[in-house]
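Okay, so subunit A shows up in both of these, paired with subunit B first and subunit C after.
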Partner chain A sequence: MKVKEPFFWVNISCGIIIMVFILLPLLEMLTAPSLSMVKETIKDKDVVRSIWLSIYTAGLAALFSFIFGTPLAYILARTNFVGKRLVESIVDLPIVIPHPVVGIAILSVAGKNHWIGEIFSDVGIRIMGSVTGIVVVLTFVGLPFYVNAVKSGFENISPRLENVSRSLGASMTSTFFRITFPLAWRSILIGIIMCSARAISEFGAVVVVAYHPMIAPVLIYERYEAYGLSYSQPVAVWLVSICLILFLVLRILTLRKGKSS
Partner chain B sequence: MKKLLKLTCLLIVFACTAMAAPSSTLAEPSGKLVIFHAGSLSVPFEAMEKAFEAKYPKVDVLREAGGSQACARKISELKKPCDLMVSADFKVIDKLLIPTYANWNVRFATNQLVLCYTDKSKYANIINENNWHEILQKKDVIWGHSDPNLDPCGYRSLMVLQLAEKYYKKPGLYNAVIANRPKENIRPKSVELISLLQSGNMDYAWEYRSVAVQHKLRYISLPDDINLGNYKYDDFYSQAVVKVTGKEPGTFMDIKGDSCTYGITLVKNPPNEEAAVAFLEYLLDPKGGLKVLDDMGQPPFVPCRVSTPEMKKALPVKLQDKVEVKN
Partner chain C sequence: MIEVKELFVELGDFRLDNINVAINKNEFFVLMGPTGAGKTVLLEVIAGLIPVRKGYISIGGKNATTLPPEKRGVGIVYQDYCLFPHMTVKENINFGLHYNKIKKGIAKDRFKRLVQNLNLGHLLNRLPTNLSGGENQRVSLARALMIEPLVLLLDEPLSALDHRFREEIREDLKKLHRDSDTTFLMVTHDFAEAISLADRVAVMNEGRIEQTGTTEEIFRKPCSTFVADFVGMKNLFAVKFCGTEARINYLTIDVGYSPPEGCSYIAVRPEDIVLSLKKLDSSMRNAFSGTIKGLIDRGFYYEVWIESAETIFKATITKRSLFELALSEGMNVFFSFKSTALHLF
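Moving on to the complex of A and B:
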């Protein structure tokens, strides 16, 4: 881009507008509570518990997406079949559906009025108000982000490499694990980051399925309703900063290893 | 040419003033009317919105339902523009809005607590108004109530249980019943429990009777002594005390039992006072909003009540003859 052209300045100013648009409200929120309030808040066991619960349920959601989503992403990247477009739009569905509807939909399957819910209650699995329920919801909303990121990762790896491996006598399984997977692991990591980021931010679907135990966004909402803004903001400050650090570290890790490989 | 231009200008100015004049003299309510109300009022207020908009077609009623405390916080903390605020417990208005955000508080309707269930609830065929507390203690029964810290229906549910212990003369009843209700069965709003009942995730839930009637749920009615629906029993009700969270985390305050009384207030400096007063006129009319409430299982006060003569004087003039001073 030539510096003097107006085109350049239009781009720059749009970029600045977006930065301000994202950062201004967040900074306002982060700086609103006093430092002593913020310190006080992290001593609160409920706050620590809810942030920890948020992080590990989001992590579990990413793990399930990794286990079940990777094969699907591979199929979608490598094969063409009738109805592929349909499958792809089904994968995207959780992004489109309003969050409370997701919660209600999951509850209606998990209730005793449904045969699956019947089986669950016989086996002793409980969805409503349980960590299991939270993980189910978070996986539901996070999965599309994982599958899409990993699918494009697989697509960027030339099938020729796999063909060479196969022609030298390696099985499909060993080709996948020895050739494709090592080449795609960066996009898999990005998929995991995207998926858990989406999961940590989920509120609407979770609050329908599980109010207690409280994940951090639900606690922020509860604090706001019961005590007001000044007591919910410090919790938000902690959640935002912890997540920011977590994701920053993950990004840096993927970048570094990416360069060395 | 210039003359023609002048003439058209004059004509336009004249036309504008002619069009503007009648609207300012007639002053028909128009525009958006924002109402924050308790979740348990959603169905009657939807009906009222339709009736009111039919009467005043220029007004667009925008309703936001939520826990009563949450509604008050939207006004006091988020400063969200709002004309009318309707609470399931009139004390919420006294506690959070008066005097900074509102001047007065009109009590307009009552309600009572019932235990809701569906055909598919466990023990649905044997539960009745004598054995309900035994059923709630059964290990395989899932029952719940809304969050006492957020929703008046929540602490009222607990009060009913406390009063039941006294009424049925069974010491320890309250603790025994609560012991069978893990924290996970608590929800932010009582209305949310309905979907849990209907989807079979929960067997029994405490609700207002009006909500049960409106959602066509089966329910157990309780004696007036414990259902918090009859203000004549207020002395007995006041024996129930529930601890709820106070103004900051870690602090608590006690709420005493009281009959379920709904309150409405006009927020100070409302964006659309004209329409708000018109709506209040409709709501407080025994043939208007109060009738809608009555039809939907929620007995109104006729006439509606304010607590002091000063408060009555603070009301918009048009409303003063629609209320009485009574505690």
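Moving on to the complex of A and C:
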């Protein structure tokens, strides 16, 4: 690209505008509350409880995605079948559905008017207004991010490595656990990060299914509604910082793993 | 050892059509053909990695048509080595031991022998990413042979290597084949590899086998125009080397250098042979006279068959030069070629 052409300057300016657009509001929010306010906030038991709830429900959503999503991602990466495109679009559906609609859709299955909801209530599982409900919702919205990340991870591993392993006498299962899984581990961790990041940020679907117990985004919203901006900001600061640190740690761990293999 | 009968395979738009091959025990068999001929597909079908639509495959006398790959006793060596990148060289070589019942003592001896033969001793604790192409391919050979498979399948094992390593691995392959009971089945598009390694060859084209036979049969008596064109090098002669010279009957051909050990063939491409009516006064040391035995119209050019010392040499010539030289059958002509145009096998 020639430096003097207007084309170059248009590209650069657009890039700068986007950087500012993303970073300015975030920085503004992070620096707005005073340090003492921030310190005060973390002593509030409701805040701590909600942030902890957010993190571990998101973690559980990632765990369920890992358990159920990994085999699906493997099938999608390795095989061609009629209707594969359809299955892939279904996996992507939770991304495009408006969030409150997700909550309502889940309630229509888990509510008492549906036989599944009836079975749930018979065995004592409550979706509405419970931690279980939150985890269900977060898994629903996070799953596509996990499956897509891991699918592309599997696709990057040559099937020939698996062929060789099988020719050496390893069954499909042993091949998966000794070759494919260790090589895909890094994209699996990235999938987990993507999935839990998406889950932690969910608000619309959760608020429909479970206003209480309160996850952090709901608490932030409630504080904003009831007391105004300056009361919600410190909670947001804590949520954002804790999440960033967690993801950073995970990211560093994956980078190390990536180097050694 | 391997028997393939009336095999049909469909893979998307590609198909293998009525494949029949029988490969003997401890034979070095080479599948040749242009890109897209289906060589690798056939290899993977024999390995059990691609399902068969119709037909029969037996390996070591056992029906293997529907056996999963891990039960067939075949090893695979790919062009791109396919070493497990998260394991050291040693772990790679020993990978198969977990799944095959091999006595510890035997496994240890075999490991030692392979490591020594393939000169891998100094690499055992390294990761594959830090190895050269030749080293990678040697590890991949050791890994496959560690479980002493009935059949070793080699998918263009030399083509990703640069020239220096290629010679080296070719020699390794020869040695490994000589020292083991394993049957070798190799896919390649390179004649030089086929001639120097193969006991027998099959030429494939568009999912079918065009011809099966010894290398010499394929080169001397191609059964179809495809094989003839594909093989290209029509002048292939068994010779006796003597210093830097090669002898066919009473013809002495100057090779220009001492041939590497184990060579017993020379080949010249027809287009490298120059025809003339008088003896050429040029730098070409190999100039002989012979009688024209045939003129064959090949469309854009003519093929001229010249007999000399009871041997037929084939040269190609454009239509224009054919008329200019006014060649006809029974004429005496001179033919010459440079020693650098010679291929030694």
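Note that in this section the second predicted complex is superposed on the first by the 246 of 261 C-alpha atoms of A that agree within 3 Å, B and C clash if a C-alpha of one lies under 4 Å from a C-alpha of the other, contacts with A are read in each partner's own complex, and residues count from 1 in each chain.
The criterion applied here is as follows: a contact is a pair of C-beta atoms (placed from the backbone, for glycine too) under 8 Å apart; a residue touches a chain by one contact, two chains touch by 3 or more.
Remember, it's a predicted structure, so these values are computed and weren't measured experimentally.
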Quiz item: Does the subunit A-based superposition show subunit B and subunit C clashing or fitting?
Solution: fit
Practice problem: Using the touch definition from the top, say if A:Gly117 reaches subunit B (first), subunit C (second), both or neither. | Solution: first
Quiz prompt | First, second, both or neither for A:Lys45, with subunit B first and subunit C second | solution = neither
Quiz item: What is the angle, as a multiple of 10 degrees, that the CA centres of subunit B and subunit C span when seen from the CA centre of subunit A?
Solution: 150
Practice problem: Applying the touch criterion given at the start, work out whether A:Asn163 contacts subunit B, subunit C, both or neither, answering first, second, both or neither. | Solution: second
Self-check item: First (subunit B), second (subunit C), both or neither touched by A:Arg85
Solution: neither
Quiz item: First (subunit B), second (subunit C), both or neither: which does A:Ser171 touch?
Solution: second
Quiz item: Taking the superposed arrangement, what is the smallest distance in Å from a C-alpha atom of subunit B to one of subunit C?
Solution: 48
Quiz item: Considering each complex separately, which residues of subunit A are in contact with subunit B in the first and with subunit C in the second?
Solution: none
Practice problem: Using the touch definition up top, name the residues of subunit A that touch subunit C in the complex. | Solution: 158, 160-161, 163-172, 174, 178-179, 182-183, 261
Quiz item: Where on subunit B is subunit A touching in the complex?
Solution: 67, 69-70, 73, 76-78, 120, 147, 149-150, 182-188, 192, 195-196, 198-202, 245, 247-250
Self-check item: Partner subunit A, residues of subunit C touching it in the complex
Solution: 44, 47-49, 68-70, 72, 74-76, 78, 80, 82, 84-86, 95-96, 98-100, 140, 143-144, 147, 149, 153
Quiz item: Residues of subunit A touching subunit B in their complex?
Solution: 44, 46, 104, 107-108, 110-114, 117, 126-130, 207-208, 210-213, 221-229, 231
